[in-house]
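Consider the two complexes below, in which chain A is the common component and chain B and chain C are the respective partners.
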Partner chain A sequence: MDQLLQFVFSGLTVGAVYALVALGFTLIYNASDVINFAQGEFVMLGGMVTVFAHAAGMPLPLAAGLAVAVAIATGLALHRFAIEPARGADAVTLIIITIGASILIRGLAQIAFDRQFHRFPAFSGEDPIALLGATVLPQSLWVLGGAAAIVAALRLFMDKTLLGKAVRATAANRLAARLVGIDTALVLAIAFGASGAIGALAGILITPITLTSVGVGTLLALKGFAAAMLGGIGNPVGAVAGGIALGLLESLAAGFVSSTYKDAVAFLLIIAVLFALPQGLFGRRAIERV
Partner chain B sequence: MQRRQILAATAAAALCAAVPAIAQAPIRIGSVLSVTGPAAFLGDPEARTLRLYIDRINQAGGVLGRRLELILYDDGGDATRARTFATRLVEEDRIVAVVGGTTTGTSLAMIPVFEEAKIPFISLAGGIEIIEPVKPFTFKTPHTDKMACEKIFADLRKRGLTRVGLISGTGGFGASMRNQCLRVAGEFGITIVADERYGPGDTDMTPQLTRIRNVAGGVQAVVNADFGQGPAIVTRNFAQLNIGVPLYQSHGVASRSFIELAGAAAEGVRLPAAALLVAEQLPDDDPQKRVVMDYKRTYESTQNQPVSTFGGHAYDGLMILIEAIKRAKSTDGTRIRDGIRATRGFIGTGGVVNMSATDHMGLDLSAFRMLEIRGGNWTLVD
Partner chain C sequence: MPRLSARDATLLLLLAALVALPLLLPSSFHLRVASLVWIQALAAVGLNLLMGLAGQVSLGHAGFFGIGAYAVALGPRHLGLDPLLAAVVGLVGAAGLALLVGRPILRLRGHYLAVATLGLGVLVWLVLNSEVELTGGPDGIQVPRLVLFGMRVAGAESWYWISGTALLLGVWLALNLEDSPLGRALRALHDSEVAARVAGIDVARAKLVVFVIAAAYAALAGSLLALFNRFVTPQVADFLHSIELVSMVVIGGLGSASGAIVGAAILTVLPQALTVFHEYEQAVLGLLIILFMIFLRQGIVPGLASLTWRRAAA
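The block that comes next holds the complex of A and B.
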C-alpha cells in the first residue's frame, strides 16, 4: 500500500509537468493548428534563466519572474519571426519550422549559459514529508499546487475575460472570428506568449527536483506531445488528464512491471488507447465540413 | 645606434642557431573529443588539458627537438562524427598518434580507422571493450567499469554487507558497468538482490528505489552505475525515501558538480575514484602525491576551474605518448606503439601504469581510492 502511494506521488509530480507542457501545445494548436515542438525549450528557459539569475545574486522570486519574461519574449519572437512569415504554409511545414526554432533556441542557450546540469534551492526546504508510509518532497507539493493554480488561472482567463473569449472564438472558427472583428493575429501572439509563460513556470517549479540543463527540452516536448495526443489534441482538460495519466503510467510501470521497459509500457498503453479512441480520451470528433 | 645594431645582429644570430631545431616539421598529435554535447563535462577538461600541456612542452623545447602540434576536433558526443574526424586525422592531417575519444561509444567507432592505419590511439573512455580483447594499436588511460565494481564490492565485503541492490542507467556507461558488476559480484560473495534501471532523461527514480527498498529479505547496500545527472537524482531520491543503507556511486560522478547537484543528500555516499580528487589528503610518501598536486596546481591556476579526473586522463594519455615517442626516438607508428607497451612504473593522475603486450591499460585496483563524501567534500577512507 505504501509502495503504491509512493509510485502515485512520483507519477503525479512528473505528470503535472507533462500536463503543463501538453497545455502549452494545446493553446498554440487551438489558436493556429501548429504543433509547437519548441514547447520544451520554454521549460528549459524557465529553469536555466532562473538558475543563472539566481547565481548572479538575484532573489529567487525575481529570478523566476525574469525567466517567465524571457520565455514570453521567446514565445512572441517565435510567433513574430518564424510562424507569422510562414502564414498559410501547411501544418507539416509549420511543424518543421518549430523544430528548427527549438534547435536554434537550444543553441543560443548553450552559448548564453553552459552545458552543465544545474539546480537552485527548493522553495520550502528539502526535508521529505512522511505521508501514510510514503515520502513526498515539499517541492512536489509546490509542483502539484502550482500546476493546479496555472490551470485554474488559464480557465478563468478563457471563461471570464474578453481576450480569453476571443482566443476561444478563434479556436472554434478562425474565419468567423475574423469576420466578427477579432484580431486573430493578436490572439495568436497571446497564445504563443501564454504557452511560453506556462512552460517557463513548469521549468521553475520542477528544477529543484529534476535538475535542468540546456538539453532537457527535447524529451519534455516529446512526452508533452504524447500526453496531449492521449488526452485529445486541442482539449485543455484532455491535456491535463493526458499529462497526469502519462506520469502515472510511467511510474506504475516502473514500480510494478519493469523499470527497463517502463517507457515502452507507457507508450504501448497510449497506442492501445488511441486505437480504441483515435481522438484521444477527451477529443472531439472531427466533423468533415463541406 | 651602433650598440642597437650589434644587439640586433646578435639576436638574429641566436635565432639562426635555434632555427634548425624549429624548422623541422612539427610532430602532429591528433585528438577527437566530445567538447560539446552530453559528454561535454568530460570532453571540455580533456581538451583544456591537452592544449595546456602541449603549449608547456613546446615552451620547454618540444620532443626530439621538434615542436608538437595538436589537431583537435569536437565530435559533439556523436560516434558517426567521431569516425569521420578520425579518417580526416589519418588521411589529411597526417598525425603520428591520437590521444582522445571521450566516450566509449566514440572510441569504439574510431578504433578500426586507427588500427588499419597502424596509428597508436590512447582512448580516454572507461569501457572495458576498448582494450578487451587487446587490439595492437589501441590503449586507454582511465580505470574500467569492471575495476569500479571490484573496488566497491571489496569495500562491501570489508563492511560485511552482501545483499546489494543495483540501479543503473541504460546509457552506454551504465549498461556496461551493470554487466560487469553482475559478472564479478559472485567473486566477492555479493548477491545482487535487485537490478533496476532508468532511462537517460529520467527525472524521478523513486519507483525503482522503492522496489529496491521493499525487496524480499531486504538490502544492505545500493550501488548506482551511471554518470551525469542521473546519479544526482538517484542520490536525492535515495535520501528522500530514507532507505537507511550505504549508497555507492561509481567513478563516473567524480566531479565537484555531483556534490553540488545532490546537495545534502550526497553526505555519506561512497565511490571509487582516482587519487587526483583527494590530492591534498594523500600522505606525503604516496608515489602519486607529487604528480597529482602538480597537475592540480597547473590546471587550476591556468583554467580557473576545479580539476576533474577526466582532464587527468588526458594528462596521463599525453604523457604516456610523449614518453613513448622519446623511447622510440621516432615518429613511426609501430615504434611508438612498442614504446607505449614498454611503459613501466609511469606515475599518472590515474595511478601507476605498467603496460604490456597483453595489458593496454596498465592499471590495477590500487589505482582506485575509496572516497566518502563528508561535509560536502571528498574524504579518503582507505
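The block that comes next holds the complex of A and C.
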C-alpha cells in the first residue's frame, strides 16, 4: 500500500510535466493546426538555460526568468521564421518543419551548452517529507503546485481576458475570427510564445528531480504528443488528464512490471486507446462531408 | 518514334545513373556512400507508395527497417540461419507485423494515424534497445558476411551493384504497382475514401496491402544496410530515422518514385558533407530541412517537372 502510494506520488509528478507539454501542444494546435514536435525543446531550454545562468552566478529566480524569456523568444522565432513562411502547407510538411526546428534548436544548444547531465538545487530543500506512509520530495510539491497554477492561469486568461477570448475564437473558427476583427497573426504569436513559456516552466520545475541535458526534449515531445492525443487533440482538459494518466501508468508500470519498459507504456497505451476509440478519450467523432 | 512513358523514362534514367556513377566516382568511399543512397532509397520508394500514392502517413517506418536489419544480425547468431535466409525471415516478419497491426491502425486518420505509427516504431526501437541479452542493446551487434552463390560478398563495388540492383527491381515493382488496379484504387482513396468506397473499392483492404508492401521494402532495405555495414545498432529503428525516411519522400516529392530516390540521395549525402561543419552539423541539418520544406514544398522532382513543363508550354 505504501509502495503503491509512493508510485502514485512519483507518477503524479512526472504526469504534471507531461500534462504541461501536452498543454503546449494543444495551445499551438488549436491556434494553427500545427503539431509542434519542437515542444520538448522548450522544456530542455527551460532546464538548460537556468542551469547555465545559475552556474554563471545569477540567482535562481532570475536565471529561471531568463530561461522562460529565451523559450518565449524561441517560440516566437519558430512561428515567425519556420511556420509562418510555410502557411498553407499540408500537415506532414508542417510536422517535418517542426522536427527540423527541434533538430536545429538541439544542435544550437549543443554548441551553446554541453552534452552533460545537469541540475540545480531544489527550490526548498532536498529532505523528503513523510506523507501517509510514503515520502514526497519538496520539489514534487513545487511541480504539482506549479503545474496547477499554470493550468489555472491559462484557464483564467482564456475565460476572462479579451485576448484569451480571441485565442478561443480563433481556435473555433479562424475565418470567422478574422471576420469579426480578431488579429489572428497576434493570436498565433501568443500561442507559440505561451507554449514556449509553459514548456520552459515545466523544464525548470522538474530539473532538480530528473536532471536535464540537451537531449531530453525528444522523448518528452513524443510522450507529450501521446498524452495530447490520448485526451483528444485540441482539448486542453483532455491534454492535462492525458498527461496525468500517462505519468501515473508509467510510474505504476515501472514499479510493478518492468522499469526497462517504462517508456513503452505511453506508446502501448496510445495504440490500445486508439484501437478502441479512434478519436481519443475526449475527442469528438469527426464527420466527413462528401 | 513512340514517346517514352514516364514509367520507362524513370527506369532508364535510374539504370543510366547506376551504370554511370562508378565511372564518375573517384574512390571506394564514394561508392560506399552511393550504396547507402540506394539502400535508403529502397526504403523511401516503398514508403512513397504508402504516403504518396495512398496518402497514409507513417512516422514509425524505421521500426520495419529495424526488424529487417536485426533479422540478419540475430538469425545467423541465435538460429544458425544463412544471412540471406535471415533477410527473408526479416522481410516476412516485418510484413507479418504490418498485416497484424495494419487493419486497426489504418482505420485512424491524420494525426491519430501519425501517433499510432509513431508508437509502433518507438516500441520496436525500445525492444531492440532494451533486450541486451538478445540484441546487444544500445552498443549494437555484429552482422555476418553475406554469402551469395557460395561466394562471400565483400568490397565496395560488389555492394554497389547489389544495392543498385535491389533498388532498380524495387522501383520497377513500385511503378508497376502504381499502374495496377491496386494503384488506381489507392489513388482513388487518397482523393476521397468515401467516393472510393462508393465506387466499389475495398478501402480497408487496399490500405492494408500497401502498408504491408511498404513494410517489406523497409525490411529489405534494413537487411541490406546491416549486411553492408556488418554492424547494426538500434539507431536504425529510432524515431529520427523514421523522420529521415518521411523527409526523403516529402523533400523529393510525394508520389514520385524518382523523387524518393532524390530525397534519399540528399538526406544521405548531406550528413557526410556536413561533417566539415563539425559541431554545427546538427544545427545545419535542421536548418536545411526547414528551408527545403518552406521553399520546395511540392518536393524537388515535381517542382522541377512543373517548372520545365511551364517553360515548354510558354
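The rule is simple: the second predicted complex is superposed on the first by the 282 of 290 C-alpha atoms of A that agree within 3 Å, B and C clash if a C-alpha of one lies under 4 Å from a C-alpha of the other, contacts with A are read in each partner's own complex, and residues count from 1 in each chain.
Basically, contacts are C-beta pairs under 8 Å (C-beta built on N, C-alpha and C of every residue); 3 or more make two chains touch, one makes a residue touch a chain.
These figures come from a predicted structure and were not determined experimentally.
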Touching partner for A:A152 - first (chain B), second (chain C), both, neither: neither
Between chain B and chain C, more extensive residue contact with chain A: C
Which superposed partner A:T210 touches (first chain B, second chain C, both, neither): first
Chain B versus chain C as contact partner of A:Q110, first or second or both or neither: both
Which of chain B and chain C A:D263 touches, first, second, both or neither: both
Touching partner for A:A55 - first (chain B), second (chain C), both, neither: neither
Touched partner set for A:T135, first chain B, second chain C, both or neither: first
Chain C-contacting residues of chain A that also contact chain B: 110, 260, 263
Chain A-touching residues of chain C, taken from the complex the two chains share: 51, 57, 59, 101, 104-105, 107-112, 114-116, 118-120, 122-123, 126, 130, 192-195, 239-240, 243, 246-247, 250, 279-290, 293-294, 297
Chain B contact footprint on chain A (complex, rising order): 3, 6-7, 9-10, 13-14, 110, 115-119, 126, 128, 135, 137, 206, 209-211, 213, 215-216, 219, 251-252, 254-255, 259-260, 262-263
Of chain A, residues touching chain C in the complex: 35, 82, 85-86, 89, 91-93, 95-97, 99-108, 110-111, 218, 222, 225-226, 229, 233, 260-261, 263-264, 266-268, 270-271, 274-275, 278-280, 286, 288, 290
Chain B residues within the chain A interface of the complex: 36-38, 40-41, 44, 170, 196-199, 201, 203-204, 206-208, 210-211, 214, 228-229, 232-233, 236, 239-242, 257, 261, 263-265
